[in-house]
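Order of writing sets the chain letters: A, B, C, D, E, F, G and H. Residues in each chain are counted from 1.
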Amino acid sequence: MPLVQIEKDRCKGCELCVHACPQEIIKMSKEISTKGYYYAQVVDQPRCIGCQLCAIICPDLAIEVSANGVSYRFFAY
Amino acid sequence: MPLVQIEKDRCKGCELCVHACPQEIIKMSKEISTKGYYYAQVVDQPRCIGCQLCAIICPDLAIEVSANGVSYRFFAY
Amino acid sequence: MACKIIFDRPESMTETITHYCPGCTHGVIHRLVAEILDELGLRERAVGVAPVGCSVLAYNYFNCDFLEAAHGRAPAFATGLKRTRPDLIIFTYQGDGDLASIGIAEIIHAANRGEKFTTIFVNNAIYGMTGGQMAPTTLPGQVTTTSPFGRDVANVGYPMRMRELLSALRTPAYIARVAVHTPRHIIEAKKAVRKAFTYQNEGRCFSMVEFLSTCPTNWGMTPVEATQWVQDNMVPYFPLGELKTPEEEQDAD
Amino acid sequence: MACKIIFDRPESMTETITHYCPGCTHGVIHRLVAEILDELGLRERAVGVAPVGCSVLAYNYFNCDFLEAAHGRAPAFATGLKRTRPDLIIFTYQGDGDLASIGIAEIIHAANRGEKFTTIFVNNAIYGMTGGQMAPTTLPGQVTTTSPFGRDVANVGYPMRMRELLSALRTPAYIARVAVHTPRHIIEAKKAVRKAFTYQNEGRCFSMVEFLSTCPTNWGMTPVEATQWVQDNMVPYFPLGELKTPEEEQDAD
Amino acid sequence: MQIEVKFAGFGGQGIMSAGKFLAEAGLEEGKEVVWIPSYGPEMRGGTAYCTVVVSEQPIGSPIINNPTHLVVMNRPSLEKFAPTIQPNGIIIINSSLIPITSERTDVTEILIPCNQIAIELNNTRGANMVALGAYVACSKVVSLEVLEKIIRQEFAKKPKFIEGNVAALKRGAEVASQEMEKAK
Amino acid sequence: MQIEVKFAGFGGQGIMSAGKFLAEAGLEEGKEVVWIPSYGPEMRGGTAYCTVVVSEQPIGSPIINNPTHLVVMNRPSLEKFAPTIQPNGIIIINSSLIPITSERTDVTEILIPCNQIAIELNNTRGANMVALGAYVACSKVVSLEVLEKIIRQEFAKKPKFIEGNVAALKRGAEVASQEMEKAK
Amino acid sequence: MAKVLLKGCEAIGEAAVRAGALRYFAYPITPQSEVAEYLVRRMPEVGGVFLQAESEVAASNMIFGAASTGERVFTTSSSPGISLMSEALSYIAAAELPCVFVNVVRNGPGLGGILPSQGDYLQATRGGGHGDYKLLVLAPSTVQETVEHIMLAFELADQYRNPIMVMADGLIGQMMEPVDFSAAPKPNPPDKSSWATTGAKGRKPHLIKTLFLSPQLGEEHNRKLAAKYDKMRANEVRYEAYNLDEPRKVVMVAFGTTARVCKTAVDALKKEGIEIGLFRPITLFPYPYKPLRDIAERNEMRHLLVVEMNMGQMIEDVRLATSDRKPITFYGRQGGIVPSPEEVVEEIRKLL
Amino acid sequence: MAKVLLKGCEAIGEAAVRAGALRYFAYPITPQSEVAEYLVRRMPEVGGVFLQAESEVAASNMIFGAASTGERVFTTSSSPGISLMSEALSYIAAAELPCVFVNVVRNGPGLGGILPSQGDYLQATRGGGHGDYKLLVLAPSTVQETVEHIMLAFELADQYRNPIMVMADGLIGQMMEPVDFSAAPKPNPPDKSSWATTGAKGRKPHLIKTLFLSPQLGEEHNRKLAAKYDKMRANEVRYEAYNLDEPRKVVMVAFGTTARVCKTAVDALKKEGIEIGLFRPITLFPYPYKPLRDIAERNEMRHLLVVEMNMGQMIEDVRLATSDRKPITFYGRQGGIVPSPEEVVEEIRKLL
């Protein structure tokens, strides 16, 4: 099962990952981080397909993706 | 009848007019001008057709062409 | 079975959080370059040349030797570097003000001489660092602080397409334009970056990848709006793709 | 019937004998410009901008207002002039070192902004004034004082074709290449000069006429050999003709 | 008398314009004024601040290390600048975002929940005007009427913002006056 | 003793290299030498000249307004420089192209038909070597043998020019010696 | 007209417009991009021209071309940009064309930073470019004075046919102060038809050039320029003597923003009963050597304190003015730090 | 090795090669294009690099890049070209990179002419570029000395991590003199691996930068540079005192070519039994203030005569050196005219 971890303090709240996620499982926080941003959160991890699109589009290296077992790569990146 | 006058002191002896003249009636002098150049001379004026090619190619405005009566222009210059 | 990380920071980047504005795609472009340095094993021979522009601080984020050139002069700077040490892998990282305005002479001549370095050209259609002035790449009608009524092509001409201009040179080169406003584009972009560094590593030719990038801050948009603006406005004027490769047959002359 | 002069010095030229070497075609190019100023009645509004190069002294030969720009900067200079006094007819007269090397940024940006002046670009494939160094236009294999073993394109790239490069810009312009090594070419060249100044006079666009010119002195040839060299070596690499006219339909983007 | 007030907060909180309006009002009242933007090393998104000097005399140095007054809109600014304020000075704290106080006993410290008030007034971006109103009510450095006039002028081209900002200004002044009463 | 000689003529007459060969010869003989090219305003095709200083001592100023010797290959140069030569100096005149003399009585003036001699030797471009040979024969500033050696070295890469130039040098020296004899 | 609150950069733009300088060519650089941002809106209102150049090299050469028409023209930049203008400045001075360059100085060398500095003093007064030429350099210390200097600069440029530099710093460029335009003199450009290159209609062609093939003419030209600079030295020296009506033991010398800081220091010490003086050069070239010398030669004068935002550049001029007859101490801040009045007061105390 | 006859420009090229400077980037300009023309043939022989840059702006930035590798690199140019290098010079000095710039000075300002001049003295010593930085400036007066200075320049550049300028003039560049390379020291470049940007293999990345966002760090950097320049002032002053073994009534001060002319004047007067002295600064920065002061303070010293090929630039340094304690007269030629010994003798006579 893929695991997506968003580092709260790296996130600048740009919402690009929210729009990139095909599963629509990333949402913005209601709270402000210490940096003053609403930050991205994975709200439904089990539905994550590990496609990494969120990580690929994140300009701030805030997203780390890990996978358990075989993870298919849908594209050569 | 066309008249081609080459100003000796403007001529730098480049010989471009010699090669441009379709009638081959321009030749270089055997003497050096005060500027230190062999200069161009029209050696057979009567054969001149007034085409002005010599004047057109002269980089030094050393050649003046005049014509008597109607002079045909062979090209729009 | 253990959980293994399939996406994280490339070794060629530091942990430092960037100073870029939220959603600014400079960050994505940095990462692509770093990933390719990693993947091609070039980090230890790599020397980056930062421009003057928002990415002047790029050296804080790359985990390789880095320098800071004068505004627009990175290609001359890189020429000096590479001619002195051809064994190094040199890349310049330049904005559109830097490369297409003040530094256009240097990029054209470096490309024309076929200098064996790679230019990462970040075209965000504006001067980001200085607060949003018009760039040579600013689109017709685009509002900036020095074109407050929109760029008037009758007065200041059309935006410059650097990919096209450099491709008009006879000297062999690899020149491509890519975008990073969607994951799909980023994936394509990475291929171009790989090619660019591969050509350099092989000593083949000058290479440049032009990135269509966002500047949400100075465009006055949210990051998401900005990516849409890239698609709707920049891509039509700045077509994507490779325009010149060293393999292509040279015109006969 | 009286004898009437059908060819002599145009009013726009002075009587001063030029300092150019024997057979140097700078002189022909001067005359063509002067003839067009006469024919279009522009002399009294004309202001010429001399470069640094053999033609730095052009002001001694033109019978109109003239200035001397810094090396390569004539297009910026002319931009300042024309934007300040759009009623004047401005032309720059520039060599290939001046225009294509040190001054390439200025000519590209002036062309791209669509500045309404005319550039007379004298491409003699060498630095004449400074004694024959390699120019960006020096041909492959051509011997100069800074390419004594011939221009090595693997090391310094291919000669730059400025007509082609400027034509790659999107902003409308008139851009042509002509030669003056035979009367036939001179006659054609004059047409291009006329068009260039006409476009300017109509406030239409930037215009540039690139001349293939000779430098017998630094080529180490007689003037006649030099004209032949233009035909045999320059014309094939630098094709003649108009490449861009303001009328031409712009690509749709 | 020379009053020096520093406005400080996050970029985007309207710090610069609050200062500018005050300077305009001072000028309108015939005083000497200077508005000095932040000259810190911070890049975009960091702390923004400006200093406004209002004086009866020509103003000398524009470099003010120890201003008489401070208006802070976020916590880092309070921490950074509160210690620099002159004794007997005034500190206006945006208590909506700042959970602490300066802990100084030699200054008048007024806590105003600027963001909250702005939200109540349905003008989320008006917190800066609340703070400005509060500050002027406390310091009396310019009159509230003149300041209102300035705001009306400044927003002349964007009239839909006028009333909201004027309301925020007035409400800030009101709340501050009440707080001052309490403090007495 | 310091000898200063100016070589002057048209551009293209080989003025510069004549001077250079002399300087090389001086150096070969262990003397101090300087070769200074023309710094006149003339453009291409005008007058070309250079000055060579040969001395036993380190050479101070390279600016020589009044040289001790002069070698002139064309008329304008004679007219321009002859008056500047120091009394008791030497003037070598290329009489092939110069129909006049300096009219100075306080110098040794030697007329050599350099171009004519060169043509006779079938080496039209060798007039400069004729003049150089003549000058050295008169001035003895360096030995003819050393000069010949230098010429052989300088043309090492273009051997076909060696003998012609050496011949011109020697012939110039010969003629000059005869002229000197006559003058005595 | 009432006073208006303007940023220094905006005031520069407006002052130029009011001086009739309707041609502006420049390249963006912090901390002076607001001049362009102001003028891009203002110029169309007055029929003027704003053009963003591709670089400072281009901007300065556009000025060169534009100035040759006789119109009033100007550019603005900041330190690295001014370095790139060095060649053009030398040319324009050699060609004797009137125009105005504004340097809103930032911290150097190199890219340095965008914070205020006075580190370009020597560059401005000793010529960044090659050859013997001089700029007349004005150093304002308030926004109001910047306005006055800009207007004055155009008059002087026309009068001397010379480029004039107004040297402000990042603080003056960025801060807002009230500006009064009501006393602004009417622009008074002289007739330039005797040399401007505006078409040779009904007259001989005009030439503007800086090449001299003949050394004699070159020397003549150099001497002509030098005579002009001497005239400036004789007629254009400007300075302010603050609290110097009576002799003081300690006199500070400072220009621009630092002079303002020093004034506050003078006032602060006055309150304590300590009287010190401030000498503020307003023209950096021509430098007010004589007035400063006169002050330094007063018997009571014990010490000079030079305060600058650099490593000590004007101090050379102070030494030249005073021939080292009185001790000089330097106090400088760098890196964009503006010294505070308190620091300056501390320095003075050390000398008392 | 025997002496060889070389043109100044060729000697510059050869000296650099022998100093191990095998990277050369430059743009043609008279009177120094022969350096490039020499090196384009010479570099391939020694495995070096010659590249003709597209402009002086590019050449100087190529040097900037090349110097960052730690290799010995240099460029040459002449006055207008040096102006265009001002920005890069400021950057390189700020970045503390070793390299050598040679200015074969020609007549200015503007295009001026190709004849020799010393008109770039102030530009070289007071910084053409922006901000507080200094070049160490060497002024040779013979071709042999030019060779020595070029070699020395590379050593000093490495030692101080600073750009060094060798300031010759058109005469030195164009004339031929015998050159002896036999005494040339072996190049001795220090280890630069602690800072050179040559790939971060097995170490932390190296950064070379000139931007300081923090004013504190900016100030620190400025002071660090200033301390380095002070070290140069303490250790690198070079000068020649000619005929100054005993006190002289009149002492000339001149550098480079004019010093040579003055030497001849000294010798000429000596023959008449008139003893005058010549003080020749060899380093223009750091200027030999102290030695000159000592000479000027001798009681017998009555008058200083400063001779330059410009309108009087070094004279400021002479005044600073001597604090105006002795009268100073200036004799200068311009436009490319080199003063003759006779003229100088005439000037001296006026002072005797």
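The criterion applied here is as follows: a residue touches a chain if its C-beta (ideal position, glycine included) is under 8 Å from a C-beta of that chain, and two chains touch if they have at least 3 such contacts.
As the structure is a computational prediction, the values presented were derived from the model and not from experiment.
With steps allowed only between chains in touch, the distance from chain C over to chain F comes to 2. Annotation of chain B and chain E: not jointly contacted by any chain, touch as defined at the top. Contact count check for D-G and C-G (C-beta pairs in contact): higher for D-G.
Once the centre of each chain is set as its mean CA position, chain D and chain H turn out to be 38 Å apart. As a whole-number value, the distance joining the C-alpha centres of chain A and chain H reads 60 Å.
Here the CA centre of chain D is 62 Å from the CA centre of chain E. We define each chain's centre as the mean of its Cα atoms; on that basis chain C and chain D are separated by 34 Å. Touching two or more other chains at once are residues 51, 54-55, 57, 80, 87, 91, 95, 110-111, 113, 115, 209-211, 213-215, 336 of chain H. For chain B, the set of residues touching two or more other chains is empty. Listed for chain D are residues 21, 56, 68, 70, 101-102, 104-105, 109, 136, 156, each touching two or more other chains. Remark: chain A residues 2-3, 9-10, 12-16, 19-20, 37, 50, 52-53, 55-61, 63-69, 71, 75-77 touch chain C in the complex.
On chain H, the positions that touch chain G within their shared complex are 57, 79-80, 82-84, 86-87, 90-91, 93-95, 105, 107-113, 115, 117, 119-120, 122-123, 126-133, 209-223, 225-226, 310-311, 313, 316, 319-320, 323-325, 333-337.
If you check the complex, the residues on chain F that touch chain H are 20, 23-24, 27, 32-37, 39, 41, 59-63, 65. By the touch criterion given at the top, residues 101-102, 104-105, 108-109, 112-114, 136, 153-161, 164-165, 168-171, 236-237, 239, 253 of chain D touch chain C in their complex. Contacts from chain H toward chain F in the complex involve residues 3, 5, 113, 115-116, 170-171, 174-178, 257, 260-261, 263-265, 267, 336, 338-342.
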